[in-house]
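Down below are the structures I want you to see.
In the two complexes that follow, chain A is the common piece, with chain B as its partner first and chain C second.
Right after this comes the complex of A and B.
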């Protein structure tokens, strides 16, 4: 079974002088066989570096990677039973599509007939049979993407590594390829590891999302849990659009209190007991507010700044004192800049984080 | 009357504004006409005359060309030049390519090595020729002294008619620095992900070289090959400085033979005829090389293959 274990994996870049940069900070991760894992995070978070270390294209500074319980730190990329799809496809420009797909098999001394058969199989699945004799430069972006997929698939690897493979496609094609990837994963007996900075790709493709930031793993969980039970403010802010509102305050007499409002925290199951004056961060997604008519101590009185009509719903960007708060509502209101808007968090939909560690205080 | 002048004037202004690009191109245009086009056309005219520079030229029809084709030394010099070209250029192209591969690594002080390899290329041809005259000196020369260390009695490189050509070909390796620079820039232009992808595709060093590096470099190899061939066919300095075409005309390079006619024997007409024949030879060889290589050269842009 092609499970992958990552233990204390570290990557440090040195620039010849004495400066170093730790791109991946001693991460641990377990990937099950046939998982569709998506590494997601902002640029420079170490997701691609981790992927490239699994592929063998980047030296491992410290730690271990196991594929199927075999330590592969010093195994050649070609012997790791993996295939990779690169962001810019990395098709060999002077070879035909057929030769591109067949290249890996030829180098592995597979006989001609088998190669031909396998290339035909793959090209039928990917619908690029008519393109086999053409050169990459004659293909459209979507076709190049398919050829790159075909080149990976034809080798029947145990692990597929994909480094932002959809980012060069236009929006419509991206949705289409996303669906095809899901289908491929269903039909293929392999583990998929996919790197992206796009949270929509992560949410739609993965059965396990790995969120990374500054070389560290912030949370590993299913898309549902990542969205509903973010482990820290980074995950809370990264997943979801518009971003979750994070409002600073303190714990006071079983209430979250900020200078603008107070919110009773009685119904929340906390993973620790809080003392008074503990700094807190309250997280509320924009869609988890209800608009009310009358202000009281538990409501937020906002000043409308910008409204965005998205068709089926509306985003309202507001100010709360010096903080900005975003509201999403499906009822259409006509607000002008400067209007007052009174809202109340929906019961049971709020998140609470420690103000210092930024970790969740809710039981997960 | 006034109106007419004005329209005339504005027409002229229009013409100027439409063609002012010519002004920007004029330094090249003037240079090309004065230093290339006019000399070329006059040499063509001169090749049909008999002219010793001192007295006015006399029309001679095809006499000069007849004289060239009846001259055994014409064939000899053509042969010497062609042999030199088609032995030295492939050697140099290959060596420069592998030197560039070696210099395209990420080791310490790589810039120092790159500079060292390129340095010889900045030394003037005359100096290089004088230097090598000493290196090849059969008694005190570095080369034979070096061979003596291995118990080999080196030949008299520059005065033996059989050894002069190998000597000049070895010497030509001195000049590969220019090609190395071209190859280096080409190598650095090959995207790294192609090699990474090839590694995952189980391509070994040789496969990566032949299936990725060489095809990606093919236009540059063709270019340096072509310019080297053209340059080698015009070899002059070595013959002029080192050998005076000797011994026994074994280093009688074509361009040197042209020079002898023009400025030693004052046969300007025949010299121009010889020059035009060389021009046609170079042109034909270039066309043949371009045609022959067409299917083997990979161009990134679609129309790149259609030089001819």
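Right after this comes the complex of A and C.
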């Protein structure tokens, strides 16, 4: 069972002048065997550093990593039974595709016949059998990606680590490779850990998403829960496109009150008791508004700023006093800049966060 | 005169200046080659006959029959080869450590290494000579090639800079594939550094092949002489016009390997390197 346990994992970079930067801040995480875990977050959030520490390519400042309950802090990368796929493929340019795939097995002194058999098996699965004699420079981006996958697969590792492996592919190929990765995960008896900054990849591939920011884990959950029950405003804003609208206000007489509108909070399941004047942040996804004709105290009266026609739907970027609010609607409206738009949040689709801690106030 | 005509004019004069420069540079070589085929009495003929009436190959054959030139060439080649192997081995190992290994004082040590490049050769010459004499290497070929196995600051710098252009992901991938640092150097890094290696081969070959000072100081026996030293002995054996064609023949032979290695090496280096295995 290739479950991974991460306990108080920390990475601190030091320069020669005693300046330090804490890239990963004492994180804890449990990854089950055969999980497809996606680390997602903005650049510099520590996701790749965490992956590299699991791989053994980066020294651990503090904390422990266990694979199959074995502490691997001081185990060489080659002895961790893991394989890694890199963002830029990292294929050896002077070797043929066959030699690239076989390289790891040759280093492990596997006999030639077994190597040949395994390379052929993997190349058949990845549909690169015809390219085995070619050099990496003669391959397309998608083929290089497959070779990189093949190099990892041929070793039959217990854990696959992937560092933004799809980011160099074009949009169409990325969708295709995503589907292939899902299929590979289904067929292989292995744990997949995938790093990306692309939320679409995270949502489509993972059965568990780890959202990171500034070296800390913001939330670990299934894609559905990450989207529907964000633990804090960072997760709420990071997942979903266009991002969730976050409107500041206060709690007053069981209502969310802002300068522009008042929203009853009666049907919400809160994890705490709120007092009047408690600062709140109301989160509403752009698609969770309905356009209405008549304004009342519970509606938002917005001023249209920009409209974006996306084909099957429309994004309308508006202003509400000083704040920006984005509306997504499948009905196409012909708004001009400065037009008035009246919208109402859909019942049961709102999120509520503490105005100070920015953590959710809803029961998860 | 419009701008196009001005550009054409400028280009024309640039070519003229380059051609004059090239002609001045190549003229002594043409004279050397031409003289190496002449009879001694025809050397100072005026006007100069660039193409001899009769090609006298005797000057070349005499170098091998009368002056043991094949042995001198063999000695030179042997020293060149050992120097190249020594430098590539020692410098690549050091450059790999400076490029890829983690060490607290790595950059300071590298600066110290670079600082040794500022020392003029004459400063280290005497201590080196005393040392080699003390350990009994005077009069042997050892001082001419063993130091190459201890590295050269310039070649280490050259290789280290080239290694730094190799994406670290390739090194990481090799580590994940279970490769040791030594194997990474010889199986991944060096095959990808052919242009830098070729540059070292060219520089090192030219420096050692044409080296006169080192062999002159350390070599005593005639059978240990290198081509450069032998050429000097040849010149001093026959002073006067009679020796000039044969000295020119020896000089031609001396420069042929350098020209060939530079010619082929340069064409290889100019191809450059493109890391198609890694998308950047």
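Heads up, the rule we're going with is that the second predicted complex is superposed on the first by the 364 of 364 C-alpha atoms of A that agree within 3 Å, B and C clash if a C-alpha of one lies under 4 Å from a C-alpha of the other, contacts with A are read in each partner's own complex, and residues count from 1 in each chain.
By definition in this document, a contact is a pair of C-beta atoms (placed from the backbone, for glycine too) under 8 Å apart; a residue touches a chain by one contact, two chains touch by 3 or more.
Not measured: the values here are computed from a predicted model.
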Combined model on chain A where chain B meets chain C, clash or fit:
clash
Using the touch definition from the top, say if A:220 reaches chain B (first), chain C (second), both or neither.
neither
Count the residues of chain A touched by chain B and by chain C, then name the partner with the higher count.
C
Considering only touches as defined above, state whether A:103 meets chain B (first), chain C (second), both or neither.
both
Determine, under the contact definition given at the top, whether A:318 touches first (chain B), second (chain C), both, or neither.
neither
I'd like to know which partner A:144 touches here: chain B for first, chain C for second, both or neither.
second
Should A:82 be classified as contacting the first partner (chain B), the second (chain C), both, or neither?
both
Under the contact definition given at the top, report the residues of chain A touching chain B in one complex and chain C in the other.
55-57, 77-78, 82-84, 86, 88, 90, 92-94, 103-104, 107-108, 137, 151
If you look only at chain B, which of its residues touch chain A in the complex?
191, 193-194, 196-204, 207, 211-212, 215-216, 298, 300, 302
Flag every residue of chain A that touches chain C in the complex, lowest number first.
16, 52, 55-57, 59, 77-78, 82-84, 86-94, 100, 103-104, 107-108, 135-138, 141, 144, 151, 155, 168
Chain B partner contacts - residues on chain A that touch it in the complex
55-57, 76-78, 82-84, 86, 88, 90, 92-95, 103-104, 107-108, 137, 151
Using the touch definition from the top, list the residues of chain C that touch chain A in their complex.
102, 107, 167, 169-170, 172-179, 183, 188, 191-192, 274-280
